[in-house]
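We call the chains A, B and C, going by the order they appear; numbering starts again at 1 in every chain.
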Amino acid sequence: MSLQVTDLSVDHGAIRAINKITFRVETGELAAVIGANGSGKTTLLRALSGLNRSAQGSAKWKDFELLHTKPELLVRRGVSHVSEGKSVIPELSVEENLSLGALWRHDRAGSLQMRDKLLEHFPRLAERLKQSADTLSGGERQMLAICRALMSQPELLLLDEPSLGLAPLMVAQIFQNIRDLTTTMGLTVILVEQNAMSALKVADIGIVLNLGSIAASGPAKSLIADPQVRAAYLGY
Amino acid sequence: MYQFINTVLIGITSGAIYSLMAIALVLVWRSTRVVNFAQAGMALLSTYIGYECIQRFHSFWLALFIAMIAGAGIAAAVDSVFMRTLFRRVSHGPIAGVAPIIATLGLLGLIRAGLGLFVGNADVSIRPPVSNIGYTISGHTLAFSPLKLVIVSSAMTLMLALSLLFSKTNIGLSLRASAFSPEIARLAGVKVDRVRTLGWAIAGAAGAAAGILQTPNGTGALSPDSLDFSLLLVFGFIAAVIGGLDSLLGAVLGGLLLGLVLAFVLTYISGSLVFITAFVLLIIVLLVRPQGIIGMNRGRRA
Amino acid sequence: MHKIKSTNFTRLLFFIVLGVGLFLLGNRVDELRVYQGATLAMYVIAISSIILLTGYSGQVSLGHGAMLAIGGYAAALAHEHLGLPIWICFSIAVLAAAAAGAVLGTAAARLSGPYLAGTTLALAVGLPSIANQFPILGGEQGLLFDVGAPPARLGADFTQYKWYFWIAALAALIAIWWLQNILRSRYGRMWRAVRGNEVAAELAGIHIGKSKTLAFTVSSGLAGLAGGVLAMTISTVSPSAFPLSLSFSLLTGAVLAGVSTLSGVIIGALTLVATPEIADAISRRLGNSENVTTNLPGLLVSALLILVVLLVPNGPVEQWRKFRARSLHEVTHR
């Protein structure tokens, strides 16, 4: 019961974006994948969620192969992906964005129950249910995107840069929310982040990517303490 | 005064038909980013199927229903067989940008000629379900007749049903989500490919309705090389562009606006200027307000 | 590709030789073929105008028939009302269509593919209705356009059709030669740059709007010339001479020719000339039923259009080049 990635490689044309990486995330863990721009973080997530079909190697979630499976089918296997840059549809209302995540379940009662549970967590969204997602602030949109993914009742949640473009105060709040959700809902989370320090602070384990390879990995606390990681990625 | 009312009513009637065609074009554009020039051919084919039904079962309403179902089937087949092959084969190269335009145009020609091969090019006529003799108000006979009333109310009912489908149902939600952002829709679990074909099917049904309502609204004559269907396509396109090409509400408003303007030109100026007016209207909208009358701020360089 | 770099002079020489060859050929074949030769020349001009627009500038016009109509009517009007000599009538056809093209092109430059396609389609559907609005255009009957009998000094056996063919072929040769030069000039490079990548071209200092408008203008001018030639071969201009199917045929011809290169233009033109004849032969086999005779040409043209787009999207010529390049590659790398 875990996410096991083995020898995963992804090519962008002639360029190898990810080069044979292997790692394991246990169920219930929040794993932060950090690294500089172009280190392959987003590519990794897009391969795991089936958006990138050119991946080689293997990535198994509960013995189910994630690679080369269409994202719409992965959702049905309990894998949800929040793509980079506030993955909401601005033309739809907040309510519709939420419903979208649960459409495939064909379970109106269950989906309403899930929605109410999430709205309890995020009263700001509850106030704006009928407004178009366009009118939300950046942080609210990011929360909406995460909630949309949670409406599919996933077990594995893939988050791509939830802090992108947010104010520092908002960033801290988002990460705390992610931490809480992980624990209360029993999720396994892969959190890809540029904002390395904030991510590692809430994560259980950390994976440092550098030019498509794993430069370091281990418990988040020990990575924060590692002087080399600190110097290269945490900025002090 | 009576002429004015009459003109408004006539304008709304033909406008509602343009709206249906515009809706068909918008639906396909939103789901596939293709202006489906074959829509006129698909509507023509459906209308012929409707005509056959009227001949056999003597019911206009049954014919309308069957024609819409047929239109949906034809459109779904065109998307899942023809368009998919096209996109697979011509995804890049100098012609990739114009290939869908050329291909749907070719399909239009193919349907017309193929239909002519089977049924011949002589006019057949669709018998109207109710009288086409105009209403009389205090001695003035209007051109607006029970038939036009039936046509305009059918078109309006269909549009209302479509708007409910889009705003209130799960199918509508997946259609809108897939149109606005296919990637996010997929990540949310929507089977975008299927939804796209569904969008084409609804477009096919709307186009079929436009075709079968248009015929008795005009002369009642139907033939594979009829200019009416080319005009329906062009007016539908103009209506869709007026509405912003991305918006269903815009398509409806664009169609009604176009219908009204053309009716006034026809009544008060000259019949042979109708077309030029529509063309000038198109150019003006494209130059002055390219995002359409209610469109969002998006460029036209798709 | 070309071992000997062709200069303007060698190309001019080539065209002169081609012209003489055509002239000799014109003396040897029967009247029908001579007439078809004139039609062929008309198609060559019209198709190259579309290739210029679509292949070199990335714009698509579904309504080039309308530009032909403008050219045809302009030539006929100039001939009938002003009594001008033929070559001036043709020049007027070019100028009139180019002017219309410049107006439409200014709007078109701001439009991307489907918008432009729809707009030009609308024009092709609607333009003929203008003929009924203004009496000077002659309504449904249209206008006569009689270029007159061939000059007497060409001999008594020089037929009318041969005279048409001469004029049409000369017009086509001049048009293609001129177009080739333009495509090799900085304008040609500018258009290709814009087609390849608008943003990059703009960054390189090309004015996208002007470049597209210019392409539309030049292309329309050529189409106007084709319209004049078409009017000459059928001796009249009328709304029914420029139906929507003409626009479709021209597009088919351009796609068959391979829109990205001028070299296939003759293939497109030959196909368009041959299609009615092939259709005729088939329908005779099928017993000449009216349904078949009326619809088969359209069916063939549309089917060809679809098949070419699906199977050889870049045109047979380009495909052949690629095929040769590949086999050459295999031979040299063995």
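What we mean here is this: a contact is a pair of C-beta atoms (placed from the backbone, for glycine too) under 8 Å apart; a residue touches a chain by one contact, two chains touch by 3 or more.
Note that the coordinates shown come from a computational prediction; the quantities given were computed from them, not determined experimentally.
Asker: Building nodes from the protein chains and edges from chain pairs that touch, which of line, ring, star, complete or other describes the result?
Answerer: line
Asker: What is the chain whose Cα centre is as far as it gets from that of chain B?
Answerer: Centroid comparison gives A as the farthest chain from chain B.
Asker: Any idea how many Å lie between the Cα centroids of chain A and chain B?
Answerer: Going by mean C-alpha positions, chain A sits 43 Å from chain B.
Asker: At what distance in angstrom does the C-alpha mean of chain C lie from that of chain B?
Answerer: Distance between chain centres, rounded to whole Å: 32 Å.
Asker: Between chain A and chain C, what's the gap in Å when you average each chain's C-alpha atoms?
Answerer: Computed from C-alpha means, the inter-chain centre distance equals 56 Å.
Asker: Any idea which chain C residues touch chain B in the complex?
Answerer: Residues 54-55, 58, 60, 62, 107, 110-115, 117-119, 121-123, 125-126, 129-130, 132-133, 195, 198, 244-245, 248, 251-252, 255, 259-260, 290-292, 294-299, 301-303, 305-306, 309-311, 313-314 of chain C touch chain B in their complex.
Asker: Chain A touches which residues of chain B in the complex?
Answerer: These residues of chain B touch chain A: 170, 173-174, 176-177, 180-181, 183-192.
Asker: Note which residues of chain A are touching chain B in the complex, please.
Answerer: Within the complex, chain A touches chain B at residues 49, 51, 70-72, 75-76, 80-83, 87-92, 96, 99-101, 103-104, 148-149, 151-152.
Asker: Along chain B, where are the residues that touch chain C in the complex?
Answerer: The contact residues of chain B facing chain C are 29, 34-35, 37, 85-86, 89-90, 93-99, 101-103, 105-110, 112-114, 116-121, 224, 227, 230-231, 233-234, 237-238, 241, 245, 270, 272-276, 278-279, 282-283, 286-287, 290, 300-302.
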